[in-house]
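Each of the two complexes below includes chain A, the first together with chain B, the second together with chain C.
Presenting the complex of A and B:
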């Protein structure tokens, strides 16, 4: 018991980090879960999946997918050219990973305006990374060839995890830009 | 290897990126096998494979934390934290472990 107390005393900042992380993670996850229940009762598709699909559609068009179609149903959206469509489900919208990103930011920085600003901007930035990866997938599927299979196997997952880790790494630098004392 | 000892930045990133890539590789293998079997996700239809996959992910997580020189109680605590996060958000186990270790380093006691 004494060993545990000593460890807790030595690792107090880390324990506070874990506490803030979990509190933020559960709060944001609960808000999102309630929102999903609400839209399901309304018979709608959630707005996050809707906007991610729309953004991916616009991205795919911007990189040259002509006649790119986009249609949403209750269970998700379909984007791409007929016969080569990509199905974007709620689980692919990247919001759960973005919530983990946000929880880390609050865990490290605490509840102050710098962290809250970074959390809000970061949630959007993670979703932009997500739009680029899904839009890229739609474009590669349209262009054909092996690149699509390489992308979905090797790049698709690493891309979103990598973007989150890079944003976490940038936090101290962003704090300094925002005037925090290091 | 002394438990609780501070490791260099270079070592930390080599272990973290290797762990991330290995974890992704495991998901890629499952994805390929699912494709060959003609199903969306093999893990959803094969409970034994699902248990083995989860077990392997946990073993890899333990190895990652062990290489970063955490003590065994710390490994169990951080693992519990990542499993808790994963329970509520699928696909977040690896990133939660890396996040916990990045947080620990950033706060300055590892």
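Presenting the complex of A and C:
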């Protein structure tokens, strides 16, 4: 018991970080959940899924997927060439991952302008990585073969999670760029 | 006489034709509201487009965030 108390005393900043991290994560998740309930009641598709699918559609066209179609329904969007489309659901839009990213930034830095700036820029960066991921999957599905399944299972998972972890590890450096005292 | 003959001929021709059209009506709409079990061959149906899921590793990412935070504070303490 004493050892635990000593450890807690020694790691007080870390415990405060865990508190802020989880509190921010659950608060932002709750706001997002309320938003999803609201749009469902309105009989609408959430805007994050809409814009991510639109961005993925544009990316797929930019990398050469000819006749790429894009259509949205209440449960998500279909993007790609007819017969080779991918289904972008709410769970694919990457916002929950971006919320974990933002919760970490607030957990480490607290509620100040540097954290809020990094949070806003980071949310956009994570979503850009997600658009590249989904656009790449559309292109691979159009291309055909087993490469699509390999990429969806391994490569793009590492890609999107890796992008978040790299942004986390870059945070002290970004703080220094923004003039924070180390 | 001629007129009566023509009217009689028309009557003889017209009455069966009315009966025939009654039958046609019944035959046309016979079984209209009978329900039939729809035939559905799942092997012919197109596969739905695959989803591109992502959030399966949310818990893992939270744990990774905690580990990164621990590393950050340990470095800061040292």
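We adopt the following convention: the second predicted complex is superposed on the first by the 178 of 182 C-alpha atoms of A that agree within 3 Å, B and C clash if a C-alpha of one lies under 4 Å from a C-alpha of the other, contacts with A are read in each partner's own complex, and residues count from 1 in each chain.
Basically, a residue touches a chain if its C-beta (ideal position, glycine included) is under 8 Å from a C-beta of that chain, and two chains touch if they have at least 3 such contacts.
What you see is a predicted model, and the numbers here were worked out from it, not measured in a lab.
Participant: Could you check whether chain B and chain C clash or fit when both are placed on chain A?
Facilitator: With chain A as the common anchor, chain B and chain C collide in the superposed model.
Participant: Between chain B (first) and chain C (second), which, if any, makes contact with A:130: first, second, both or neither?
Facilitator: Second partner only, chain C.
Participant: With both complexes superposed on chain A, which partner does A:80 reach: first (chain B), second (chain C), both or neither?
Facilitator: After superposing on A, A:80 lies in contact with chain C but is clear of chain B.
Participant: Touch check for A:114: first (chain B), second (chain C), both, or neither?
Facilitator: Touch partners of A:114: none, neither chain B nor chain C.
Participant: Is A:54 in contact with chain B, with chain C, with both, or with neither (first, second, both, neither)?
Facilitator: neither
Participant: Counting residues of chain A in contact, which comes out ahead: chain B or chain C?
Facilitator: Tallying touched residues of chain A, the top partner is C.
Participant: If we overlay the two complexes on their shared chain A, which of chain B and chain C does A:92 touch? Say first, second, both or neither.
Facilitator: Once the two structures are laid over each other on A, A:92 reaches chain C alone.
Participant: For A:154, using the defined touch cut-off, is the partner it touches chain B, chain C, both, or neither? Pick first, second, both or neither.
Facilitator: Only chain B is touched by A:154; chain C is not.
Participant: Which of the two partners, first being chain B and second being chain C, lies in contact with A:104: first, second, both, or neither?
Facilitator: A:104: touches chain B and chain C.
Participant: Applying the stated clash rule to the superposed structures, which of 2-10, 20-28 or 56-64 from chain C runs into chain B?
Facilitator: Stretch flagged for C-alpha clashes with chain B: 56-64.
Participant: Which parts of chain A are in contact with chain B and also with chain C?
Facilitator: Shared contact residues on chain A (touching chain B in one complex, chain C in the other): 10-11, 13-14, 17-18, 21-22, 25, 91, 96-97, 100, 103-104, 107-108, 157, 161, 164-165, 168-169, 171-172.
Participant: Could you pull out which chain A residues touch chain C in their complex?
Facilitator: Chain A residues touching chain C: 10-11, 13-14, 17-18, 21-22, 25, 76, 78, 80, 83, 85-89, 91-94, 96-97, 100, 103-104, 107-108, 130, 133-134, 137, 141, 152, 157, 160-161, 164-165, 168-169, 171-172.
Participant: Within their complex, state which residues of chain C touch chain A.
Facilitator: Residue positions touching the partner: 46, 48-55, 57-58, 60-62, 64-66, 68-70, 72-74, 76-77.
Participant: Give every residue of chain A touching chain B within the complex, in rising order.
Facilitator: Residue list for chain A touching chain B: 4, 7, 10-11, 13-14, 17-18, 21-22, 25-26, 29, 91, 96-97, 99-100, 103-104, 107-108, 153-154, 157-158, 161-162, 164-165, 168-169, 171-172.
Participant: Write out the stretch or stretches of chain B touching chain A in their complex.
Facilitator: The touching residues are 16, 20-21, 24, 27-28, 31-32, 73, 81, 84-85, 88-92, 94-96, 98-100, 102-104, 106-109.
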